[in-house]
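In what follows, subunit A forms one complex with subunit B and a second complex with subunit C.
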Partner chain A sequence: MTHAKALRCRECGREYPLDSINVCEFCFGPLEVTYDYDAIAKVISREAIANGPPTLWRYHYLLPCDREMAVDIAAGFTPLIRAQNLGEALGLRYLYIKNDCVNPTWSFKDRVVAVASTKAREFGFDTLACASTGNLANSVAAHAAKASMRAFVFIPADLEQGKVLGSAIYNPTVVAINGNYDDVNRVCSELSDKYPWAFVNINVRPYYAEGSKTLGYEVAEQLGWQAPDHCVVPMASGSLFTKIWKGLSELSQLGMISSVHTKMSGTQALGCSPIVAAWEGGTLNVQPVRPNTIAKSLAIGNPADGYYALRTMADSGGYAASSTDEEIVEGISLLAKSEGIFAETAGGVVIAGLKKLVDQGRIDPDEVVVAFITGGGLKTQEAVAEHVKPPLQIEPSVNAFEEALASRSS
Partner chain B sequence: MSVNVKIPTPMRKIAGDQDSVSAEGGTLRECIDSLEASYPGLKERLCEDGGELRRFVNVYVNGDDVRFLQGLQTPLKAGDEVSIVPAVAGGVGCIFFMA
Partner chain C sequence: MAKQRVKFTFVQDLIRQPVIWELGKEFELVTNIRRADVTEDRGWVVLELEGESTEIERGLQWVAEQGVRVDPVPGDIVEG
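After this line comes the complex of A and B, so read on.
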């Protein structure tokens, strides 16, 4: 069972039954799931959650789908790591990394797809689909395989090989569109009007987006049931950013944690930074851009949740930062060298942005800071391939080894 | 001159249950006025009171976002394809807890 009650338009407040729709018929505003929090408060507790599975399904009370129907490839409940080395390098005493590379398809998208695919199955769909910059496609293909559903995943044609292969292996129909993500998104929006498929980030998007809340729940639980002082999050559409905040807020309102004082700071690549640009310009109006960055997973030029991300930033007292491609590669490298975590480009965006916010004095050295690393680096090898040292290639002898080592050190 | 306008599902009720309709106009603004004449109420779904496009409405002419063209002043010619596509935002909100 679920405690979800209805869909409500974020703009005009009109309510709709829980169905596979995502926009208000009257004002085109986005629909969001509402819950019966009274009922949830009666059944949820720290103990009940602790006794749940080591996956995001431990928080099923606050998800809009039926736990018994779950399409479960064990997404979520990823490690929260105290990052002492990186903290020292940046000048932060209590820095944590939420390592969401450690998901079944190596990105946080398994959270949203777990919920969306479960809901799609509840609705009786036999086909999953998505518009994706790569990670989502991987996760949709994997969940469809687990659920014995058909899958169509639509991606921009210029994606990294690891992300194309990372979908293809699960045997969906991969459609590579000659265009950028915003083109892919437009085509999929039109296709979703025509085909009776569950496009996870279109017609079942209200449910999909709720999956990201679990990142907020987990961080709070892993910090001993308290909210961090500061979250540093990558932004593409801006949805994840807003949902981490929503997750923390829900826990607070349910009395699971004390009040939420968390500052939400968002990061983007300079080559695709429409939300950061709006924040810097002091406006809630996001001007779309044409993306040009190595951070392809964040390359959404027309971010659908940009407006809400800016409001969350303002409400929480957070900041925004963007980084060049060079800084992104340095960020990936710094995280790997200091903490042993190999992130994809979005992770480089977060670490580079975190560094910037610290340098600007926007994060206090004593704050409890969580940096969200949302995808694994093996998927975007192209970004760093030329920045790592090649192996010492030698003949099989001790002499050869020592000579090669000496010549590299010299 | 006539252009073809693709209507998304949430707007079809107001457009006589059609998935595409034809409209007239030398610019996007004129095209929307022409749609309003044929399907009263349609314009307020697309535009704010001041006449500008709503935040959650994306309009494309032959596949290009009009915000990269000339917005409502974007010129149209016969046979152009205008697509109206709702933005796919998830949203976040205040939580109405135990209200």
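After this line comes the complex of A and C, so read on.
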């Protein structure tokens, strides 16, 4: 069973039954899941959670779907790592990395798709669908395989072969659309109106988005049931950013942690930074942009939750930072060299943004800081391929090795 | 008859142009505004268009040609 109560419009407050809809019929505002927190308070406890599985389903009390129906590929409950080396390099004493690279399809999208696919199955859909250039497609295809559902994955026709493979292996129908990013957007919007499928980030988006809350729950639990002082989060649509905050706030409301004082800071690539630009301009009005960055997993020019991300930033006293492609590559490299974690470009955006916020004095050296690394680096190898040292190529002798080593050292 | 929900984003130069009025006048479309935020230097409008689907397509193409950005209401659908 679930303690989800209704869908509520985030703009006008109208409520709807829990159905496969994502916008308010009156004002077309986005819908969000509401819960019966009194009922949740009676059954949830730190012990009950600790006795749950080592996956995001340990927090099923706060998710909008029936755990018995869960499409479970063991997403979530990823490591929270004390990053002493990186902390020293940046001047932070209590830096942690939330490593979501180690999810089943190597990105945090497994959290949202786990919830979306479960809800889709509850609603009786037999088909999952999405439009994606990478992580989301991988996760939808994998979850559909586990759930024995059909899957349609729509991609731009010019997507790199390596990225297509990461979805195709799970045997979905991959549809490559000739046209630019806007064309793919438009066609998928029309397809979602026409076909009775669960488009994970369209008609089941209110449930999908709730999966991201589990990042907030996990961090609090892994810190010994307390909220961090500062979260540094990558922003694409802005949904992840708002849901981490919602997750922490819910735990506080339920008395699982004390009051939340966490500053929520968001990071974007300079080549696609509509939310950061609005924050810098002191407005809640996000102006859409045309993305141009190597951080393709964050390249959302018209972010659905940009306004709400800005509100969260303001409410929590957080900041925003954007980074150039060069800084993003440096960020990936710094994280790998200092902590042994190979992140995709979104992780580079976070580390570069974190560095910037520290340099600007926005983060105190004694704050407990969590940087969210949302996807693994093997997915975006092209971004760093030219920035790693080539191997020392030698003849098969010890002498050759020592000469080559001396030559590189000099 | 078809219906389509869209978001128009206007830059400063277009704020004074009655684009939505012209859209309803030049094309066989009913325009139904649901939410908007317009100031002197920028603005967006969320609305529903009703008409034949080919007419909606023609109308939206004309709007885009005026320099107005046209997006699906839920924001970008393609994700990383």
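Quick notes on this one:
Definition applied: the second predicted complex is superposed on the first by the 394 of 410 C-alpha atoms of A that agree within 3 Å, B and C clash if a C-alpha of one lies under 4 Å from a C-alpha of the other, contacts with A are read in each partner's own complex, and residues count from 1 in each chain.
As a convention for this text, a residue touches a chain if its C-beta (ideal position, glycine included) is under 8 Å from a C-beta of that chain, and two chains touch if they have at least 3 such contacts.
For clarity, every value in this text was computed on a predicted model and none was experimentally measured.
In the three-chain model built by superposing on subunit A, subunit B clashes with subunit C.
Of the two partner chains placed by superposition, only subunit B is touched by A:E250; subunit C is not.
Contacts of A:A151 after superposition: neither subunit B nor subunit C is touched. When the two complexes are overlaid on their common chain A, residue A:L18 makes contact with neither subunit B nor subunit C. Touch criterion not met for A:A129: it reaches neither subunit B nor subunit C. In the superposition on chain A, A:N302 makes contact with both subunit B and subunit C. Contacts of A:V276 after superposition: neither subunit B nor subunit C is touched. Of the two partner chains placed by superposition, subunit B and subunit C are both touched by A:F26. Once chain A of one complex is fitted onto chain A of the other, the partner contacts of A:V184 are limited to subunit C, with no touch recorded for subunit B. Contact with subunit B, but none with subunit C, is seen for A:Y37 once the two complexes are overlaid on the shared chain.
Shared interface residues of subunit A (contacting subunit B in one complex, subunit C in the other): 11, 22-23, 26-30, 185-186, 189, 193, 201-202, 205, 237, 285, 287-288, 302, 304-305.
On the side of subunit A, the complex with subunit C involves touching residues 11, 22-23, 26-30, 109, 130-136, 154, 156, 181, 184-186, 188-189, 192-193, 199, 201-202, 205, 236-237, 285, 287-288, 296-306, 346.
Touching subunit A in their complex are the following residues of subunit C: 4-5, 7, 9, 34-35, 37, 42, 44, 46, 48, 69, 71-80. Listing the residues of subunit B that touch subunit A in their complex gives 6, 8-11, 13, 19, 45, 54-58, 60, 63, 65, 67-68, 83, 85-93, 95-98.
By the touch criterion stated above, subunit A contacts subunit B in their complex at residues 10-11, 21-32, 34, 37-38, 41, 182-183, 185-186, 189-190, 193-194, 201-202, 205-206, 208-209, 237, 239, 242-243, 245-246, 249-250, 253-254, 285, 287-288, 290, 302, 304-305, 307-308, 311-312.
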